[in-house]
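Chain lettering (A, B and C) follows the sequence in which the chains are written, and residue indices restart at 1 in each chain.
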């Protein structure tokens, strides 16, 4: 079974990250099939057919003719949503609850959620989820303890984001441990200490992995 | 430089023998395999491939097991399994096979997923940019080594004992050019024919050049009817 | 006029160049409208509705669920055309040593290098380095054993590349008995024998690992 012309056009325009000219499309089709490629007119008619189907079936994108080629773009009606999607790209700082959770995970890794919850005294479910999505943490296995909870650890991206070469460069906790014998106090101090360091993370405009707003991360 | 482990490792060589001779993994004829393994390691050593040390280690292990097999073993008591010096190695081989099988499954999964094209982010493109770690092949690199071994054995036979070896040396780079000149003309070229009646250093340097070019996907290998005694190369289309 | 939920989903998934989670989508919708965002269930149902329309109207893309999120990708039928379009990028598959190292790490995570080396019988240093660079693996902590070696685990990108939603979707690691006795493997052994008679090699590279065990399965 072979796809029809308009299906091939759809696929190419969807996956391409730039406008494609009719010539380029013809060449790709020739390479893929070895057959004679469709004419420019046939391609152009195929584009018209696609746009008509898109309109009739309520799709929110159209094939546009610009820059000497064809490119798919969304309709103005959904622009506010895309603006919201892309607004968060870039240099946002992590929220306090995310930083706290990340600190505990960084120092205690591999660590399970119950332990993080215990140290922070609050449920860290949402924060963990967001940190996983941002690829700052990753699931690294399962604990052998009751319920076999998942174990979390930091990622390469974590190191990159905080400008660390490796985990050894995390601020040392030794001095604090010497000073404070009380385990609970030590835990609190540990948090503050890491926050001080991680809170000063460098801004990285190239970063696009985290694209959600921090306000929600702050939600209880 | 080419590392053999980038293709296959010491456990793969054992599996290669087991598969080739259709051996029962639970009853490996250690004496025979140890000798043959050693013969291959000598070839690897002669070729001076990076990572040959790992093969030497495995050869030593096999020889030690072979020695243990020769010792009289205490008879098994009722309900006790007789001690088999091969057991540890066999367990390791089996465990390795599990992961090889899983790797095959993952590769299949990767192929399925690769047929689905999503928009690619710039980050994604950066991830895989300029990487040469994507060579896939459906033969064992030890098939190539087998062919090399035969050619080297023959070359040794043909060399008269008294022959004064000329201080002639061949660089891998020279042999790349040599191979390229031939494959560029088109068609498949037999390894045996490429190095026919050439001295050992020439054969070895050519083999290394071939491995390098396979890894860089400059050439493609075909295993023909000759199976283990020869293989064919052609320019990657 | 406001777009419907499935239209918003379509727009976001088309514009994004990575999997979006239901949470991210909800956040974006909340940001864009100020309204209460749809529930995860509503979003998931919207995705199903979209896919159904795509199928009914002959679209060549679908919303896939992997790496914990949603991502639009083309159907296999048009793969040859996209392969031709992206010829310079290639549809590159990991080499044997990389995929082997990756599978040991995936099944044993969190795992240290010495353990991977032992299973494979070779030094996996180079393979690990490359897999870290490709962000298929990440450092997730340190082992408590001698020398405190780094521990590795798989990443979200790993899930995305292999089309898995989570680690539980990894193909099950076969038991040794299964490996040696699998009737399918026996069958393939017969096929191999036949091919040997006909003088041709098995064509499928994925079979090469199994063919090893084929021979074993048949051993007395």
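Heads up, the rule we're going with is that a residue touches a chain if its C-beta (ideal position, glycine included) is under 8 Å from a C-beta of that chain, and two chains touch if they have at least 3 such contacts.
What you are looking at is a predicted structure, and each value in this text was computed from that prediction instead of being measured.
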Can you figure out the chain closest to the middle, judged by Cα centres? C
The pair out of A-B and B-C sharing more C-beta contacts is B-C
Rounded to a whole Å, what is the gap between the Cα centroids of chain A and chain C? 17
Just how far, in Å, is the C-alpha centre of chain B from the one of chain A? 40
CA centroid of chain B to CA centroid of chain C, Å: 28
Can you list the chain C residues in contact with two or more other chains? 14, 16-18, 72, 74-75, 78, 82, 86, 135, 157
Residue numbers in chain B touching two or more further chains are 117-122
Within the complex, chain B is touched by chain C residues 14, 16-18, 64, 66, 71-76, 78-79, 82, 86, 89-100, 102-104, 106-107, 118-123, 126, 130, 133-135, 157, 161-164, 170-171, 173-176, 179-180, 199, 201-213, 215-216, 218-220
For the complex, which residues does chain A have touching chain C? 1-4, 7-8, 10-12, 14-17, 28-29, 31-33, 53, 57-61, 72, 74-75, 77-78, 80-88, 109-110, 129-130, 132-133, 135, 138-141, 151-157, 159, 166-167, 208-209, 211-213, 216
Contact set on chain B toward chain C in their complex: 3, 5-12, 15, 18-19, 22-25, 51, 54, 58, 92, 94-122, 124-125, 127-128, 131, 133-140, 223, 225
Which residues of chain A touch chain B in the complex? 11, 14-15, 17, 208-209
Along chain B, where are the residues that touch chain A in the complex? 117-123
